Amino acid sequence: MGKLVEEFNNYREKMNDRIMETANTNIKRFFALDTTSYADGALDVKTKEMLGLVASMVLRCDDCIKYHLGKCHDAGVNNDEMNEIFMIANLVGGSIVIPHYRRAVEYWDDLLSSEAGV
Amino acid sequence: MGKLVEEFNNYREKMNDRIMETANTNIKRFFALDTTSYADGALDVKTKEMLGLVASMVLRCDDCIKYHLGKCHDAGVNNDEMNEIFMIANLVGGSIVIPHYRRAVEYWDDLLSSEAGV
Amino acid sequence: MGKLVEEFNNYREKMNDRIMETANTNIKRFFALDTTSYADGALDVKTKEMLGLVASMVLRCDDCIKYHLGKCHDAGVNNDEMNEIFMIANLVGGSIVIPHYRRAVEYWDDLLSSEAGV
Amino acid sequence: MGKLVEEFNNYREKMNDRIMETANTNIKRFFALDTTSYADGALDVKTKEMLGLVASMVLRCDDCIKYHLGKCHDAGVNNDEMNEIFMIANLVGGSIVIPHYRRAVEYWDDLLSSEAGV
Amino acid sequence: MGKLVEEFNNYREKMNDRIMETANTNIKRFFALDTTSYADGALDVKTKEMLGLVASMVLRCDDCIKYHLGKCHDAGVNNDEMNEIFMIANLVGGSIVIPHYRRAVEYWDDLLSSEAGV
Amino acid sequence: MGKLVEEFNNYREKMNDRIMETANTNIKRFFALDTTSYADGALDVKTKEMLGLVASMVLRCDDCIKYHLGKCHDAGVNNDEMNEIFMIANLVGGSIVIPHYRRAVEYWDDLLSSEAGV
């Protein structure tokens, strides 16, 4: 697994565990909704993860972007599709998104390198 | 055509005409990019319009939401799919999105009523 | 009841009814969370509504502001307290909040006038 | 004076008067800072108003945009300069700014028409 | 003192000192307002710091969140109260807040550990 | 060259190269627009870079701020002018901008130290 991917996943998992220890019922329900909303339904998982990614990019949240890049990779989004998502995110969100796009490209490369067994 | 849809389209068309009269070359190029980015490509038009809609909802721009609702309707997004987009937008963007979601439901109903020949 | 308050409440109620007719299960759960999160708990209702108001102001959502102004009024927030909330919202969110603050003052006056039986 | 300009100025003046009646000392200091920050200094008024306008556009606040358009007009910003500001605002803020840009063009036309004695 | 808390406080203090050396009068007035707005008044310090925290969370500013977490800790906010603030912030701001919530939980733990003399 | 400046420029250059290898035509056009929009025109480069900086500050993007600080430095913006830009950014964007302002001051110092041959 690529180094960026591993670091992101480890911290996310550690803190989600801590949240499950400390959070109240409403927060746990909110996290449950966060899971079920991306499940296969009228829209398939791939489409929903692309929606989650573009929303994360225009709102400029690096960790959210990394999470949905990982899920998009799992769902089989290819490079050409990813570039079209990147374009819509840059267009709608503006050049202020570009630094996040740079880090997204770096993370996407990291995901692809781990796929290649590097 | 529904009344909300008609009002939105008329104002948008009028001001886009005025922009084409007054804007400089870079602005015109930016508008051209705004068109070509949603064209059929590695991702189809329906997927891209859903991406545009969710981005517009989490950024809370009523006019952008109306525009992409119209395009989603043209592209054949059905009610069940639309509800799953609405859910992701509410979830990612938070309850601050709800007033925009209310107006989106009203506009979507207006689009459906115009479809029904009302 | 003041005119602004009445218009806001009527539209909100109408569209919430429509949402309950059309929304999927996840959206209904999200709306339920939106209710229970402001219920009396470790923090009382008055404190929670002030939190909801300041969040709505810095995110600059007029309808959300109106909603929480109404709830703050019900919970007994007085003018001096309200001014200190307004100040924190203007300070944290910046002068970009001022137009929303203007409309908030107008709505707050409308709430107070309805209280006075006007 | 153009109709849009007049309506904006009237409402703004009415609510600013009401704010001066009701606000606490800190809010009044914040409003004072809002005035002095745009005064002639190391940067001239015209430059500062252009800064205020571009900030208002990328943050997508229609009233703030109208206010700074009026001030830019007073400071002698011409159409070519205004188009370059509009472009930077659209570029940095993204296509989500376009509906605000449409309304800005309409308001700028209203300012120019009042200049022409219409 | 916990390590995260110490690092945050040191950098903040160093740069605030530098700002006081370099800033103009208006900036210093703005910083003064930032202090006086959270002072005890019609609302007590604890309530105001909770308002500052929820505003910082929905606007997703990690440093602002850390600052107000420290102040909330000083003002005696307990874990149950903090969880209800976290829930309102996640709800209003949406799942895009979650990565900031993760870092807030880590920092809150760091504040509690320093309290325990660790 | 100062250390912060060097690190920023190196990463930016590396990822822009990678983007030019991987991006589609629309993304390349968007990047081209991002260059031409800041070129000398009806407004000079110095004014445009100040516009880019204030937009980046109120949208709270550290990398965008660093980029435009570098360009403002190249264009001859002096300390007094920079402080007035900082004030407008803090005022319009609010105290939520302050942590970004701290980092901007640190980076500006780094730019000035490299100028001094340190």
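Labels for the chains are A, B, C, D, E and F, by order of writing; each one numbers its residues from 1.
One rule holds for everything that comes next: contacts are C-beta pairs under 8 Å (C-beta built on N, C-alpha and C of every residue); 3 or more make two chains touch, one makes a residue touch a chain.
Keep in mind the model is a prediction, meaning the values are calculated, not measured.
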Chain labels contacting subunit A and also subunit E: B, C, D, F
Interface sides of subunit C and subunit D: same vs different residues, half threshold: different
More contacts between chains, A-F or A-C: A-F
Chain whose average C-alpha position is farthest from subunit D's own: A
Computed distance of Cα centres, subunit E from subunit B, in Å: 37
Centre-to-centre distance between subunit B and subunit A (centres being mean Cα positions), rounded to whole Å: 24
For subunit C, residues that touch 2 or more chains besides their own: 26, 30, 33-34, 37, 55-56, 58-59, 64, 80, 83-84, 87, 90-93, 95-96
Graph class of chain-chain contacts, one of line, ring, star, complete, other: complete
Subunit D partner contacts - residues on subunit A that touch it in the complex: 58, 90-97
Touching residues (chain side subunit B, partner subunit D) in the complex: 11-12, 15-16, 18-19, 22-24, 26-27, 30-31, 34, 55-56, 59, 61-64
Residue numbers on subunit D that touch subunit F, as the complex places them: 33-34, 37-38, 41-43, 47-48, 50-52, 54-56, 58-59, 64, 78, 80-81, 83-85, 87-89, 91-93
Residue numbers on subunit E that touch subunit D, as the complex places them: 26, 29-30, 33, 36-37
Interface residues, subunit B side, partner subunit C - complex: 60, 79-80, 83-84, 86-87, 90-91, 95-96, 98-99, 101-103, 105-106, 109
